[in-house]
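Next, two complexes with chain A in common: one pairs it with chain B, the other with chain C.
So, the complex of A and B:
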């Protein structure tokens, strides 16, 4: 990061916002230069495209942005008109609508020359990307990650994934005409690791009391962790973010405005169409989100062995056993000292929501805290009731208040 | 010390209920109007309660609003969620209560009490299955008054099975039973079973620790209550004031607040 010492330092927040925007402008420019550009699943090992210098954009990311800007309903309805069931994930519906229309008011991205799919988040992804591949008649590259019902991932799975990764290198070389370099691969892994560590460090400041950050900030910053993890700029921006949080923690300052009376786990993907409606009742009651699984989800840690990198990609939230999923929440909840949990029963993401009743039970049993579940959807605005949400939050706050009184007595 | 008067208003989705209490011990008035938040119900319920004990709103030392319409009651000094109100009301009516099942107009909830305080709760998801609204829709299709459902269901000899939880699907299931001339009493008994089973699922998540009590309008329906008792294998107590429990709890919490302020 070349910064003139005389200039006022750019806050990490701005750096990160610029990086997220650059990821898309870089793809547009590559497209203009005649390079092949892809659409990529959020948890596909980005080390592949970054090493090759191939530009990709992320449909899940774009769908979240479209939904946050109020375009969810129009896109979902368009996809349903094309024959896609409204039971399908809203990210998929939004993206399939965009694929059909090829542009939208909320956020455009270049059309793909290939798709990169990785089902370590869900199998809906496979059919969704297959549809794109068929409709647009473009290559479909899949990295298949079998669902793991065990706590650890076995070596056979890792070998299987690594073989596919190597095959995907060949496929992408052929499609894009770019050449693989082992030296560059090593560099990219080192940078990605640095970024992941910085991201985890920054998110780790949620442990402080008061937390120097509003937990919802992580939902925004995450975009860079998804789409630019392999770049030095992302590593530097997250390192800066961590420094800022460290300083704020020292001073007792926070991006959360107001007194932090309660600390909670916000479980699940954000309700993008209702960000304000879901965050305001928390804010009004002095509730800060100090725990989310996202914090750890995009911190991919591995060593020099490629199988270790593959293992990291089997530990994303939707690819893991109930035991590991529960552990993830309970550990972050305990570390970050939560008083309660708000669980998003997300109609779009069946895999994530399907295990929630059991995770909820285990969180309550181990952490002895109240939890509340609300119905919603990450991107389809038809599946959320603001009034029901408010009542649940208010009741949760009342229980947390009583619990605190009880502890003091 | 002067008599402390507190008013609790439970402005629900299908009915408005109001309770006025003296010194947090005696119920001075109670009213229910069968229309809820956003209608004339809330102001009528409050006016009738005040008239019943010859008081004005200004005579109330503390007013607490609860229910879906709680935010719109500008005269209220405090707002509390219906969950805490039901917990408080239940503790007043049954000091030994540990589990409260409340089936209201558009939601069903199960509360766990500990030392009279709300300790934990679960609520139904967004759909209307297992709520008062579900029963109302079915009563309409069957051309029976909601209040008479229990009596009809009690006469059933062979309850039909209603397998859909979705209100719209269950409605068409009922219509198809009617089309093959099934006995209305058997259909109603089947509906009670369906509501009870849905709510029993929620109860199991919190645990049916005795004493289990049932509140809310649907508590008056003995058919649902008996089916629920069978489904959770635990007796359920119901107070004649079940329907007022939320408003009662609100009036009591208002009184608690007054005492804190003294």
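So, the complex of A and C:
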């Protein structure tokens, strides 16, 4: 990255914040130029749009930002007024409210000319995007990722996905008038891979003792992994982040202020309306998050074979079997040396939460650690109780303290 | 008791006794494969010489064991299917096919593997890009894999000729059931909403050819009776499930007859035939491609609302009752757009939330009463 040595280096977190914002301003500018702009599912293979140079924005990302800025309730209630049940995912409700209002104070984004949907997150995503497509009368591009009940993804699935990817290329070429380039596709894959590696490397510093980062930082930085994975700037920013963590680890420094007495897995999507309320009780008790599968889900590793890229998109947390999902947590928990786990029983995410009790049992059995579950929601503020959360964290800390005493004896 | 009443009681007894039916056929030495909601290739089970048993949860058991696996906000349909398994009520099954057409069903499939290992889990993933060639090919391959598992369980091969014959049997059954819904609409004084559901539901719990014969006999007896003007109103039901006896009796109480339905457990099961194709596996995949207006089958056009409005117009229904299975998000997503379609068509509609764990029907009763009054 070019930087004048005379100037104070810009910290990675600033670079990342700017990049996340740029992804949206780029889309606005494209819209003003008369280009077609899409709304895109966060786990859709961004290699498609980046290769074609088509700008998209991410409703999930926007919904999280709206919720974090306190706009969740107003949007959810607006969607409920339109007839959407309050049982429906709050990201969907927030976005459908935004679609109806077409602007908001918390975080605006351009209206879509098409939608790109990928159900490796959930099938709720298909229903949500169907509503957008139908209400706005815009094209729907679907990359269907068959839910995998086995540990490995079979070739039939990968071939089906790759055929759809190629079909989606044609659809998007027709919609936008842009032309596909194999050369550019290769470049984008290389860059995306570089970004993913850097992101995973940065997150990997959670393994250090003490961890050079407050685990909640990952929730802030992940937006770039979602929105800009295929850009050199994102790769460079994450490489810088990794360098900073490496340096901090060497010095024993950390963005987590205070003594790190306990290390935990924070399981599930962040509780965006209550980031402070969910992080403060941890901090008060010397608990740092050193493991999460949510943030790192946006690091996709693959080789030159297109089927390998498709495979990477089948391994995201919500597209996999209970065996693989449990293994993912157990492995990161062991690697990142966790003392316990906090599990978000997230009312919005039926798929994530619907197999979590079983995963919880497997984590406890294999890692021999205590876990607590709290009720919350990724974006609807009505489904979280600060008191319950504090009590659960207290209970966890008590058991982790006893366990540490036991180990010392 | 009239012949019609006696026949309807027989259907009701079957519809009400999933476990009894399972015992009856397994006692006869028949291997039985459970088929979970919403769509399963039951023709494959039949072609392997086994009985496909449609399982749509149960109102009978309180959700106790399932709560160890599911949080409260998963639909009671998925939860009660698991509850049956966890309580050992389905141990006589030789296997269970669990399609993963919704997020709750994905969880059901995983929790089944974890909690009910004694009943072999057979995974079925329908492609959602179901109309493009890669989707059709993918599903044909899925069905071939499942056929392999079923052959293993049955200890008998599924031949192409056998599968084609099975498709014929099931298409015939579908045609009979379509005919039955028309007869039920013509004779509401003979076939109540509850009886109508029992006739349909029982079809998933016994051999289809035998069921088709029973339904034909019932229809013949109905047709021998004079048609009578219906003193109440006729409605169309839409939703995933409409088999709660308490709910259906409320319709009768307010003289609402069912003119037609768009219910997951009912007409959606038989309104789309398996088309002709030299390759029977491809034929089955094409049926999935041809399904229209179902909340769990990808449809960016959302034709369902128009289809239901058309059905109401065609059958002379004066309103629509949307029976929303609580926490069933595919159905919850469909509602707002459908409501707009109904309003545009000037078709009165009411939304009623139902749940297999529901014990108090005071709210639905009030809603139905108000709706019936409104229809006049």
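One rule holds for everything that comes next: the second predicted complex is superposed on the first by the 407 of 409 C-alpha atoms of A that agree within 3 Å, B and C clash if a C-alpha of one lies under 4 Å from a C-alpha of the other, contacts with A are read in each partner's own complex, and residues count from 1 in each chain.
Simple rule for what comes next: a residue touches a chain if its C-beta (ideal position, glycine included) is under 8 Å from a C-beta of that chain, and two chains touch if they have at least 3 such contacts.
What you are looking at is a predicted structure, and each value in this text was computed from that prediction instead of being measured.
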item: Partner chain(s) touched by A:103 [first = chain B, second = chain C, both, neither]; value: neither
item: Partner chain(s) touched by A:364 [first = chain B, second = chain C, both, neither]; value: first
item: First (chain B), second (chain C), both or neither touched by A:8; value: neither
item: Touching partner for A:345 - first (chain B), second (chain C), both, neither; value: both
item: Partner chain in contact with A:399 - chain B first, chain C second, else both or neither; value: first
item: Touched partner set for A:388, first chain B, second chain C, both or neither; value: first
item: First, second, both or neither for A:142, with chain B first and chain C second; value: second
item: In the superposition, chain B vs chain C on chain A residues touched; value: C
item: Chain B/chain C common contact set on chain A; value: 345, 357
item: Chain C partner contacts - residues on chain A that touch it in the complex; value: 82-85, 87-89, 92, 119, 122-124, 126-131, 133-135, 140, 142-144, 146-150, 156-157, 159-160, 163-164, 167, 321-322, 345, 347, 350-351, 353-358
item: Of all residues in chain A, those that touch chain B in their complex; value: 345, 357, 361, 364, 370-373, 375, 383, 385, 387-388, 391-392, 394-395, 398-399, 402, 406
item: Residues on chain B engaged by chain A in the complex (per definition of touch); value: 68, 79-84, 107, 117-123, 125-126, 205
item: In the complex, chain C residues that touch chain A; value: 68-71, 73-74, 100-104, 106-107, 109-111, 113-115, 121, 123, 125, 127-129, 132-135, 137-138, 141-142, 295-296, 298-302, 324, 326-327, 329-330, 332-337, 339
